[in-house]
Each structure stands twice: as structure tokens, then as C-alpha cells.
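Two complexes, one shared chain (chain A), two partners (chain B, chain C).
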Partner chain A sequence: MIKVSSNLAARVKDTEGFNAGACFHCGTCTALCPLGYEMLPRKLFREVMLGLEEKVRARIPQIFSCLLCRMCEKNCPSEVHIADNIRTLRCLINRQEFGLK
Partner chain B sequence: MPLPIAPILGIFADNLRKRDSVLPLSKKTAMGWANGLNLPRGGKTVIYTGHVYQMIPAIDAMASQMALLENSFLTRFFGIGRLMNKFVSLSFFMGLTASSEKMRHSNQVLRDIVGLLRDAGVEFGYLYEEELYAGALVYDDGMDETFGHHARRVAERLKKLGVRRLLTVDPHTTKMFRQAYPHFVKDFDIEVQSYLEVLAQAHPKAMKPVNGEVVVHDSCVYARYENVCDQPRELLRAAGLSVREPELSGKSTHCCGGPLESLFPAEAHRISGIRVDQLEAKGKNVVTMCPFCWVNLNKAAGDRLVINDIATTLASCRRQASSCS
Partner chain C sequence: MAHKRRIGVYVCHCGGNISDHVNVKEVAKTLADEAEVEITRTHLFACSDASQQEMIDEIKERNLDGLVIASCSPKLHLFTFRAMAERAGLNPYQYVHVNIREQCSWAHTGDKVGATEKGIHITRAGVAKCALTNSLTPFRLETQPRVMVIGAGVAGLRAAISLADMGLSVFVIERGNEPGGWAAQVGRMGPDDRYGPDIVANLLEQIRKQENIVLFTNAELTAKTGHIGDFNATVRLHGKEDVSLNVGAFIVTTGFTPYEPRDGEYGWGLPGVVTLKDFRQMLEAAGGGRLTHNGIPVRDVGFIYCVGSRQTQSDTCPEPNTHCSRFCCMATTFSASLLHEFEKKSGQTINQYHLYRDVRTYGRLETVYSKARADGALFLRWDPTEPPRVERCDGRLAIKVKDTLLGNEELEIDADLVVLATGMTPRKNDTLKNVLKVTESKDGFYKEIHIKLRPVETAIDGVFIAGTAQGPKNLAESVASSLAAVAKAGGRLKRGFVDLEPLIAKIDTGKCVWCDECLKACPYGAIERVVCGDKEVAMVIESSCKGEGGCVPVCAQNAIDIEGYRNEQILAMIDASQKELVTA
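The block that comes next holds the complex of A and B.
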């Protein structure tokens, strides 16, 4: 069973500049990521938008290992602010999971 | 076990709140590089190191210690470490194992930057003990409340000292002041320029070609956040060097792995290894423009490459040219 949290999606949508909705899943970011992770960032953003909180929680190490190097962002055909989106997720996780502000 | 994210980030945030830096440095370490340079105190235009070059030897030492701890049972004690760090700066003590050779290198890079700016006729001062770390690591790791508080303190201090223009020396501090501070500090209107932009604007006179070529490794932050790509190449060519481009360069540069050093050291080493291979395919002499790139690539390259900061390379070309004339 997959639990869906409307809170997560709502919190993210409230965040200024989180524009993952424009992603059309082309996979350019995945192909270019120097880390070579299969999931970052397109699947992650989809999970966030769908409110799949448990799945996002399981991605915490990957979210914090993003280099913020913008290799994906500069080549994104939808101009998704990928690095800023990752930073936004870090902020949410820090507050919600780690008690860090 | 992998290194635990929360307590490590907590230590960075606690240090910034309590000690003004993620990695507190002694005054001697932070300002020693300026000894004997007779830099005027303060002024409207100042060179701003943000302590980044000075931190590199300590960061390098800590990253080596972290690499030893990664996947060991000791990772479970990081929570206790964070608690202790609130009272005694553990990171300060970890930094005491920093290499004195790397410290000399960092200091010399900063002194070379001063020399290059002076040669270009730029007048500037230095804030000495008034200068603070800009907060990049805490911002990148998403601790915005802590970062915002610190950024406002830094901005307030700059305003009080009458600073109107910052000449930054590394990409991360440049990015903080140009992109993050305006979002966190109301009416932040201080002009911020990287010293590379300032030197390029001064249109350095082309020197006689020297017998040498360098492979350029761009910093991700300069290339893709700050649009600083052409200036380093113009400066290197004007210094008489032939510039070679690696497989991924300019706006498409490959990361050095540096951002992962504190939380995922093994992964950082893997990424820097990939980049070293790409650079080595184009030549042995590599130029970097970010202290994190310099230290990470050096660690991965060992004896395979000779990696110099761009300031070292440009200053060395100037010295060669003046000794020939």
C-alpha cells in the first residue's frame, strides 16, 4: 500500500519558486547527472508532487547528495529550477525530519 | 553505516549561530595571509575572502577524518558529538590537524590575488577581523533560518563599515552575495564582483607567449550560476598561455565532487576521479578557480596532474614576464 500525504504536496506548492510541475519526464536530467543516480531529479519531483511522503523520506540521502552543480538544470527543456527545488526539499526535510532550521 | 546527515548539518548550523562560521578559524589563520601586504583597513571597496581559502586545509583534514569514519560503527556517536560541539568547538580541534603546506598554499593564492589586482591598478582595502564567512554551506544544505540570520548580520556589518563594493575571491562567496543575500537581506545593494571579472575588465596587456599550455577546469558555481567562463580564459591567454578544454568545460563543466566531502566522502572521491580522467586526457597542467576544486582534484589526482589555482598561474606568468624584461 502506498500512503499519500496531501500535506507534503501542499507545503511544496506553497514554496516560492518550486516549479517541478513543468517537468515532462524527458530524462535529460537523469542522463546528465554526474552522480549517475537513476532517480534524480525527475522521479523525485513526481513523488513529491504526488505526496508520496514515505518514498521521499527514503530518498533523503540522495536529496542531500545532490551536488547542486546545475548540469541538469542548464539543459532542462522545461526550465525546471532543479537545484533550487532540491534546496527547497532540503529545507522541508531539515525542518520536518531533523529539527533544523 | 553512512555518515549521519542530521547531526553533521546540526554542527554546521550550531557553529554558524554560535561561532560565526561553519568551521571556526583562529584570527591568525583567517588573517595571517595579509601579513606584510599593508592592505588599508576597510574602505568602500574591499577584497572579501569569506575565509574560504583559509578554511581549505582544515576542511581537507576533516574530510579525511570523515572518510575514515564513513561506514564505521562510530557514526552512531555523531549525535553526542553535536551535543559536545555546542560547548566546545570540536571542528576547531579537528582543524588543528590541517596541513601547514596547504595553509601556505591558500595564503599564497590570496597574496597572488592581491598582487594581480594591484598590478591592474585596482584600489581596495581589507576588513581584517571584521570579515565574516558568508554562509554558503548552511545555505546550500537548506537551513534557511540560520542562514538568513547570519546573512543579515554580515550585511549589517558591511553597511556599518561603509562598504559599497566587494571583490570576492572564490565562486561560492560570490554566489552567496549576488544570489542568496538579496533574497534574505532587505535592500542589499552592495556591488559584488569576482576578482576574475575585475581583472578581465581591466583588459590586461597581452604578454609575450610563454612556453606552456593549461587545461581549464571550470567551477560549476562560476560557470552555471555566475556566468564567469570567458574571463579566466581571457586572462590565461593574455598571460601568454595556450588554453586547452577538457571533455566537459565552460557551461558544461563537470563537478569536482567537492560538495559531497562532508557527508559522502567516498562518493566525492568517485566524482573527482571521473573528472581527473577527463582533465588528464587533455594535459598534465590543470588550472582551477575554486579552492574546493583545487583540493578535491589534487586529492584524486595524486602525481598524475599538476593542479594550480588560476591566481598562482597568472602571478607566475607575470613574474616570468617581468624577470625577462
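The block that comes next holds the complex of A and C.
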């Protein structure tokens, strides 16, 4: 059982660079990701929005592995700015906010 | 038998649909030997204009008094050929349709000998029936230009205005104190943000301007006699005074009852667990101030979808509502955006968690769902085998849910409010049900004749259903169906008369001893007890009888026949179909 927290969610809500609300979980992004991580980026964004900090912390290597190739973004039916979201997350992690490092 | 009949038998190839598997020439040749058959022919397409003209010419030339066409299903062309018979000067009820396509060639592909034999058997039965047909005339009944609308919600009010616009008089009867129904109570409505009370006020304003609409409140229909075009309705006002109204048709727009959750269902009964309607009233009451519950500001709100809809049977839910209530996904996602709007205006941070099974915001309503997501509402999908649980925890509510979108990860959400999106259930009204005699579908809503092709007509001629009385609908769909009912009712009444099928029950009063079995068997209330000479007998109310035939087998005296399906006809058909084939 993981507790949903609105802290991380509220922080990313305020960040102009992160928005995955339009995602309806079709999984196109995951299927296209050349790195083949099954959580990228659909589940990761969901975990961020639900404030599952533990989970997000465990994904740091994958977050930094992203090639920013935008293959997913180009094909996203909901036009989520996936690459911007990943970069915003990297910023948050680098600033050591919310214990993300 | 009065005289030898002169029957024409036409066997159709239906292109190759029939003739590929049935030797139609053989069928025609064999049938020519029947005593009452004057002529047999085959046609490539009997339904084509040219073939019909040939048949018409032949009927006239040879003075035929019976017609059998062995072709497709009567659902396709019975009325085509009845009309053709009429054009040829033949009584349309002396035409008999034999189905050698669906019931023969298509059912026995690859067995040409067998299919041909069967084709002969069933066509012979058709001829035997045809030989015993009578010339019949439809009943023409005068209609009254008045309609009663039952239920003054938006569907009923809208119907009343349109009927009045057509020049018909309308009585609207409403059981409650006030007209307006649910729309008057829900406030802002999706998808395009219309204000419910304004919609209702606008309709009532139009009704006030119409001279030929009378609106009764605290009124209930307690009795109905008569038939389409001419019903006598008794309406009880304020539970005491009865008025009698003469109308040509009824439109039933009695609406729905919101689902009431069981104790403990998704935490129902715990403080802070509310229905969507309650929540919307709280939000409206908060206005530009703060949204609080029990004096504490609300920060986290969980919405649970499909409450009371799409249920499966279980020990706790012995009579499940298996239907989707259609409006709740849109109403809840629309509420998400209203809550977001409130958040922005008031500065109060509110997190929304929407726990759904499937979001069914179909068609244009998808934009409402998209907007809710863009507004920051989070959607978590649960599996019906593991529904979310709501518990009281440290003075707040805890929702435990397995999110299928995170691979069934079990999450706990702390919330100040849990909002249940409760569905629609059929409105229970036994008095009305007994008076109208309209059948109910499996889910308990009033049942239409055909969900796709006759969606507002019922088995009772002259009684139409619309809006959520027929099944869950959103407001736009309710109004569309109420206007459909207006078109059907108005269409029937504006002609000034109705023609009814003469294929109905006939009672031999000599044989009848009035045992009331036929009365009990009739689902249409078409049997009446009358005094005939020195005894009581049953009489058929011709305008109410549908020729359904339930009364025939229960009659111990064999006193009832259905015209067009008389016992002697059926017996003759059985005999004819059993006659052995003489193979050349």
C-alpha cells in the first residue's frame, strides 16, 4: 500500500514545464521508447502526479537515461509534452527538491 | 367451402438466393396440381416493379381471388405484396406470404433435393391457408386531438410545447408539487454549461404562453379506458378530487429515481461520503467562499464512478442494476471542471482523484473528459472485481484502490470528501404501471417495441414513452426522445383517424360461457364482459386487440379464433404441409 501525496503533485502543478494531465494511458509512448523501459514515460508521469515519491526516486536512473528523442511525443495522441516533462523532472531532481536524490 | 378458390402462386428466385438451393421451377410445377391453384409462375425478383406489374395484370385478367408468393421473410416484403394485391383489386388479407428464403434456401444450403421438397411443403401450407382467407377491412377509428403528458420534467414540458405547436391540446400531469423535474435541481449542466433552473424556467414561460396546455400538479393518473385516438383518463388531484379527461394518446415522461447506495457501499453512511448531487449543492452553496465539510476546509476529494450502475449479482447485491446510466461520467467529469474553476477563483487548493471503471463520455462529451484531465483531475482506473474501499481514518476518509494503470498498485488516498456518482434506477409507480399496462424491460424501465426502429412506441397502441422513463439518458437524449414521441403521437392524431389491423380475435358468442380465462390471458386489456341475450359472454374490444392469440388456447369452449390465423386455417396448413410428395 502506497500513500498518495499531493505535495509532489502540487509542486509539479506549479511548474510550467510539467503537464501530463491529458494522458489517457494508451501506452503508445511505452511501446515506442527505444530504451525499452516499460515505465517510460506513462507510468512515471502517473507516479509523479500521484505523488508516489518513493517510486519516482527509484526511477532516477531511467529518468536520466531518456534520450529525449521525442519519438513518444511525436506520436502521443493527447499531445503531452513528454520531453519537457522529463527535463522538468531532471531539474527537480538536480535541485534536490522533495528528496528526489 | 363456399366455392372453389382461384389462387395464383408465384415462386421467387430472389436472384439466386432461393434458386441456388431450391428448384423453384419444380416448386411451381408441383403446386400447379393443387385443386384451388389457378396459375403458377416463377419470377427472378418478385419484388421488382416489372414483376409486380405482371402479377397485377394476371390477377386482373384471371380474376384471381387468392395470392401466394413464396419468397423472402414477411418482415421484408409482406406489406409490399399486400399493397400490390390491393392495387390489383384483391383484398390484401387474401394474400399469403411464404418464406422459402430464410426458412428454406438459406437454412438448407447444399441440400437442393431436401430444400426443394421443404419448399413444396411450406408453399402447399400457404395455399391451404390462402384458400380459407376472408376479405377483411381495417378498422377506421376517429381520433381526439388531445394528448396527456405524464410527468413534468424537461422531457415532458418540451413534449407539451411541441404538441401544442402542432395544434393539439395538451394536459400535463405532474405527481409532485412543482414542475421541472431533476434539471430544476442540479444547477449547471454539462457538456455546454447550461443552468438547469434556467432551462426549466424558460420552458414554463413558453407553457404559460400556450393557451392549449393545461398543467396539473399533485396529479396522478388512476384509470384509463378506451383505445388509441380516444382514451378516457381519470386523474386524481391532491389525492382526493377526480377529473375525467378525454385524450387521443399518452406520452409517459415519468423520469428516473436516483440510485440510493446500500449502507456501507463505498463508505455510504460515513460522514463526508456524499452523492454527486449533494456535492454539487455544497459547491454551489460555497459560492466564492470556502468549500468546507463539518467546518474543515476541503483539500482532497475522491470521486467514485459507476455507483449503482453496471453491477454484478452477489450476496450483497441480489438484484443488480446491470445497465450503464449514461449521464454520470459526463456529469462527474463536468463537476471536475467546476471544482477546478472554484479552486482558481477561491484560491483554495483542492486535489481531485477520480476513481473510475471506464470513462464513457461518448461523442461530443469526450471534450468534457479531456477538459477535466487538462484541469488537473487525476483518473485512477479500478477493476470491478476489486472495487475501492472507503474507511474512516484519523478523522478523515481513506480510499483504498488498486490502480490498474499502475499495474494494480494498491494506493491509499486520504480525502475530506468522497463523492459517489450514483446512477439512474427505474421510477417505481405501481398505480401507473397497472393503469398503463406498459411492459417493463429486464432492467425495470418502460419497454419500447424495438430499441432501434420503434424506440418510443409501446405494446399499447397510443401510449408512448420518452426520456429516462424508458432508460438512462442525458438531458439532450431525453429531449430528443420526447420529440420523437411527439412526432409519433402527433402523426397519429393529426390525421384525424387511425386504421387498425383486422387480424384480431373473434369470439363465438354461441359457444362462450364466460369463464374469464381469456380476460386473464390478455396482456392488452382487450376483453370485456358483456350481456348477450340471456347470458354473459366475452367481447373483444377491437381497437385494443393486437391479435396476439394468448386467449385462443385457454378457451375451454374453443370459442375464440384469431382472424388470419383461424384454427381451421392452421389445421389445413398442417394437413397440407404433411401431404406426401409424388415424385415423377
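Keep this in mind: the second predicted complex is superposed on the first by the 91 of 101 C-alpha atoms of A that agree within 3 Å, B and C clash if a C-alpha of one lies under 4 Å from a C-alpha of the other, contacts with A are read in each partner's own complex, and residues count from 1 in each chain.
Definition applied: a residue touches a chain if its C-beta (ideal position, glycine included) is under 8 Å from a C-beta of that chain, and two chains touch if they have at least 3 such contacts.
This structure is a prediction, so every number in the text was calculated from the model and none was measured.
Participant: Report clash or fit for the pair chain B and chain C bound to chain A in the combined superposed model.
Facilitator: In the superposition, chain B and chain C stay clear of each other.
Participant: Touch check for A:Met49: first (chain B), second (chain C), both, or neither?
Facilitator: The answer is second: A:Met49 touches chain C but not chain B.
Participant: Is A:Lys74 touching anything from chain B or chain C once the two structures are fitted on A? First, second, both or neither.
Facilitator: It touches chain B, and chain C stays clear.
Participant: Using the superposition on chain A described above, determine whether A:Gly21 touches chain B (first), chain C (second), both, or neither.
Facilitator: In the superposition, A:Gly21 touches chain C alone.
Participant: With both structures fitted on chain A, tell me whether chain B or chain C touches more of chain A's residues.
Facilitator: Looking at chain A, the partner in contact with more of its residues is B.
Participant: Determine, under the contact definition given at the top, whether A:Ile93 touches first (chain B), second (chain C), both, or neither.
Facilitator: In the superposed model, A:Ile93 contacts chain B only, not chain C.
Participant: Once the two structures are overlaid on A, work out the angle chain B-chain A-chain C from the Cα centres, in steps of 10 degrees.
Facilitator: Here the answer is 130 degrees.
Participant: Just checking: does A:Lys13 make contact with chain B only, chain C only, both, or neither of them? Give me first, second, both or neither.
Facilitator: A:Lys13 sits against chain C, while chain B stays out of touch.
Participant: Using only C-alpha atoms, work out how near chain B sits to chain C after the chain A superposition, in angstrom.
Facilitator: Between chain B and chain C, the minimum C-alpha distance equals 23 Å.
Participant: Starting from the residues of chain A touching chain B, keep only those that also touch chain C in the other complex, and list them.
Facilitator: After superposing on chain A, no chain A residue contacts both chain B and chain C.
Participant: Can you name the residues of chain C that touch chain A in the complex?
Facilitator: Of all residues in chain C, those touching chain A are 299-300, 349, 351, 353, 370, 373-381, 400, 403, 405-407, 409-414.
Participant: Inside the complex, what are the residues of chain A that reach chain B?
Facilitator: 34-35, 60-61, 64-65, 67-71, 73-74, 87-94, 97-101
Participant: Flag every residue of chain B that touches chain A in the complex, lowest number first.
Facilitator: Spelled out, the residues of chain B in touch with chain A are 2, 5-6, 9-10, 13, 139-146, 220, 224-225, 251-252, 254-255, 257, 259-260, 263-264, 267, 271, 274.
Participant: List the residues on chain A that touch chain C in their complex, please.
Facilitator: The contact residues of chain A facing chain C are 1-4, 6, 9-10, 13, 21-25, 42-43, 46-47, 49-50, 52.
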